[in-house]
């Protein structure tokens, strides 16, 4: 956190300042929507290594970070990018090849874990996953957990309801809080201090941001500090949680950003194709990531014609009749 | 809950249908803001008795329900109405005269208890109140709790952090969920199905509503079902939680409703004066509650001049330069 | 029979309509990506106009003028009753007041005779032969809600004696399984495959064959499963009507993004 | 001294300014109703323009063009960085990242030598002589945040050996009190009364007299307390400057709603 009036910086500075080898990171968005892709690509370009990554169902961003060789450990509920990759392809490869360690939770559990971090409590309860292998199989073995202070000693704890069956509940699963070193989210509007306004679904971005020690916000529109102080019930994240604000139009591309642009089916299909083959994936990265100095470069490469095709309709907030086959 | 397309009804029907002697009730708002006063007055007129009432810092509504003789048990964090009554006057009298049973929690604990109800878990954890008498002194004795299925066996439970000091927490206080029979809230906008949009602060209205078995919504503006389906990130309560929608302009009067009207200092000062004396309080109730057929009657008695004085300024959302001495 | 051989509908259409018919007015429908979303849209457009479609991502009561390709597709955000987040959606399902009205639609890589699902790995958890997407909200939904429908491909390696990983609870090990584990009452009511529809016995909670599609025999179905199920209650499933097919094709997936 | 006898400020003004001076740029100020709100406004307008005012009701960074008469006053909702709810505010205080920047301002009916507060009852809990409002957010704030300021009237029945009810934790029973109870580090840094300012010893966590107002002696103060405190460190408090008074009167409470 940081209470300055002006936290605006560029993405390279924000990443260099906050994202270190081995850091614990969470990124916002869900599958093919509002992933902070400009930041993800900058992390890949910066060759950050051994990230401990937390995700519920962040799809494209997680897959590219794994593909870029940035991730060594992953706590996750779902690795998929909708129809374009029902299972994220580089994620699948990395797990099958044992090049990353993975621990599985459910979407709700991961969300509760961020919420617990945001609330400053060590755990939160749920009834989800009782009787399943999510309880039984631990991705990180007990011995390892005990030697690493940044990982809780238990994956989760099953507890009898201490209020004797209150509200017809016998047992609950307690899931441990996550407090990432850094959370990165991409939002529609932010002001220079870091107040954030998200349109459409918030997913778990708010909890992810509030749980983190440091927050980087990238935004479509950078607002004057006065502008977001009206109708501020629409601001989901107040500036006290935020460390850096970066103005990056199309910062979620190739994933969608509601009311601004849709996901790009052409990019995502090409990505899925390339991701299946290691060599082609290197070419993909050389072209689309390392071949670009920054996100504006990538957007220029994609071209204004394609960007116009995916631009959002003002009524529905997505690109109507977009060819998504 | 109720999935009908049109839940609009009148307040007498809503109260008669849902509020029974002995029911467990929570009402929205905070101290002198957005209390569902039209509903409170209708409950008093209907002479409902022995309500088990849940409140965090609901001030005016709680005090009038107690003054009206409707309440026998109260779980509460704070009984005050700001400068007008730093301690709610009929509440204080009732506690000192032992005419109601009270159990004390903190504001956050009460909010967490509603949230637990909303989430369908038997409890939630906090670090608040460790070492205090909120932990030690129970309003409802253990024996009584065990004979009453609607009250948890424990006021709260202190537990060692089962994740061995994870996030530097040694102990937590678990507070039990509340699931009221009915929650009543007053909002700025609702549609006929019950989607709700609150302006300004939401307090704990959302958690109170989602925790309840039944929800009555009173609203300043009744919207067409299509209207609130745009920009619906601004709808805090979706219709699936709501049973009845009642259109009552000025329904929070004499408490405030942001962007519509301020609290009425004249009414609240007169109330505080009358509340200090039992006989005068009877006169107050005869004049302002039983003397009115409904809320529109009360608003007419207050008069358009006074209502104009407290009407909200379009920029600030309150009545600027209102005489509040 | 000639009408079977000259089917004027695809298997995916048949499966979608079979699932849609399980959805009733007044149901709140949780759906995931793909055919489950199409089934929810079909129910809403055909037989259960008063059902409510919602997504784990926080979208409640989406209009869905176009079919979403993911539960976070911006198409789920248009014309909703609320655009919240994951916490809102899962809390509504775990909440007994609202959760009891929810019907979940799930899919998986493996299923066992008690309707438990694996959507995580084939092989060893730590070095799997095949890794799938993982639970996502699947385990949450299967844990919380009273009824769910499961889509499966009918293959021997998918209807297995023992799951490689139990991601989402069905009836666990039988009639008292959920209760013993501490789960709320619930479990699958139907498994819809490319060959037929399976139900679960009220008493034993074991899978049985409820219906087979035209042109498929109960024996064909048994041959595609590692475990055996009761086929004595099975009848031929009623194919989609022309009206159902029209509404499905025109209103739900005119681009045939899911129908193929 | 003549300048003391001809005070051109009221006691409430003195108290407000004494509290305001405890607030620093970069503090997030939690305030309740009444004089504590005025102190926060005074700090923001005088000595800590970069402090942030927030309320348990969910208002973050309120502009406060007029003084609110309750923490739910619509005046706290105007021109904020976020209008949330109770969960947001208390979570921000319990959250160690943001909570460590919060300073709380509290009041009470009784205080003891370790800065523990009673705002619930005088007499027996079950049939009290006097019932007060109760904790509200007071216990939460006192539990969570690292620093708090307390406003009190200096009266013997208010500075007591033993509280009738311990509503909000100070240092509990001494230096290790909070740690043993399981609370985060924290506790009151100053008690501001109508006679002087009390601090808490770094080692013993016992209250001591830090400052007395012009015209008041340490002995006068001791006479108004059930328990005795160290007065050896006390000096005369610096009265409000003309600039402080002007800003307080003009920008913070021009209607004198709280100043009287």
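Per-chain residue numbering starts at 1, and chain names A, B, C and D are given in the order in which the chains are listed.
Heads up, the rule we're going with is that contacts are C-beta pairs under 8 Å (C-beta built on N, C-alpha and C of every residue); 3 or more make two chains touch, one makes a residue touch a chain.
Everything numeric in this text was worked out from a predicted model, so none of it was measured.
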Subunit C-subunit D separation of Cα centroids, rounded to whole Å: 58
Geometric centre distance via CA averages, subunit C-subunit B, whole Å: 41
Chain centre separation (subunit A, subunit B; CA means) in Å: 37
Touching two or more other chains - residues of subunit B: 117, 120-121, 126-127, 167, 169, 172, 179, 200-202, 233
Shared-contact residues (touching 2 or more other chains) in subunit C: 79, 83-84, 94, 96, 144
Topology of the chain contact graph, where touching chains are joined (line, ring, star, complete, other): other
Pairs of chains in contact (touch as defined earlier), listed by label: A-B, A-C, A-D, B-C, B-D
Complex contact set, residues of subunit B against subunit D: 29-34, 56-57, 59, 76-84, 86-88, 91-92, 95-96, 98, 104-109, 111-112, 115, 126-134, 136-137, 139, 158, 167-172, 200-207, 256, 258, 262-263, 312, 316-318, 320-321, 324-325
Of all residues in subunit D, those that touch subunit A in their complex: 26, 28, 50, 52, 60-61, 63, 79-84, 91-92, 94-99, 101, 144
Contacting residues of subunit A [partner subunit D, same complex]: 1, 3, 5, 117-121, 179, 193, 195, 210, 212-213, 228-230, 232-233, 235-241
Subunit D - residues contacting subunit B, complex: 33-34, 56-59, 65-66, 68-79, 83-87, 90, 94, 96, 116, 120, 125-140, 143-144, 163, 165-169, 172, 177-178, 180-184, 255-258
Contact footprint of subunit B on subunit A as seen in their complex: 117, 120-127, 152-154, 157, 159, 161-164, 166-167, 169, 172, 174, 176-177, 179, 198-202, 231, 233-234
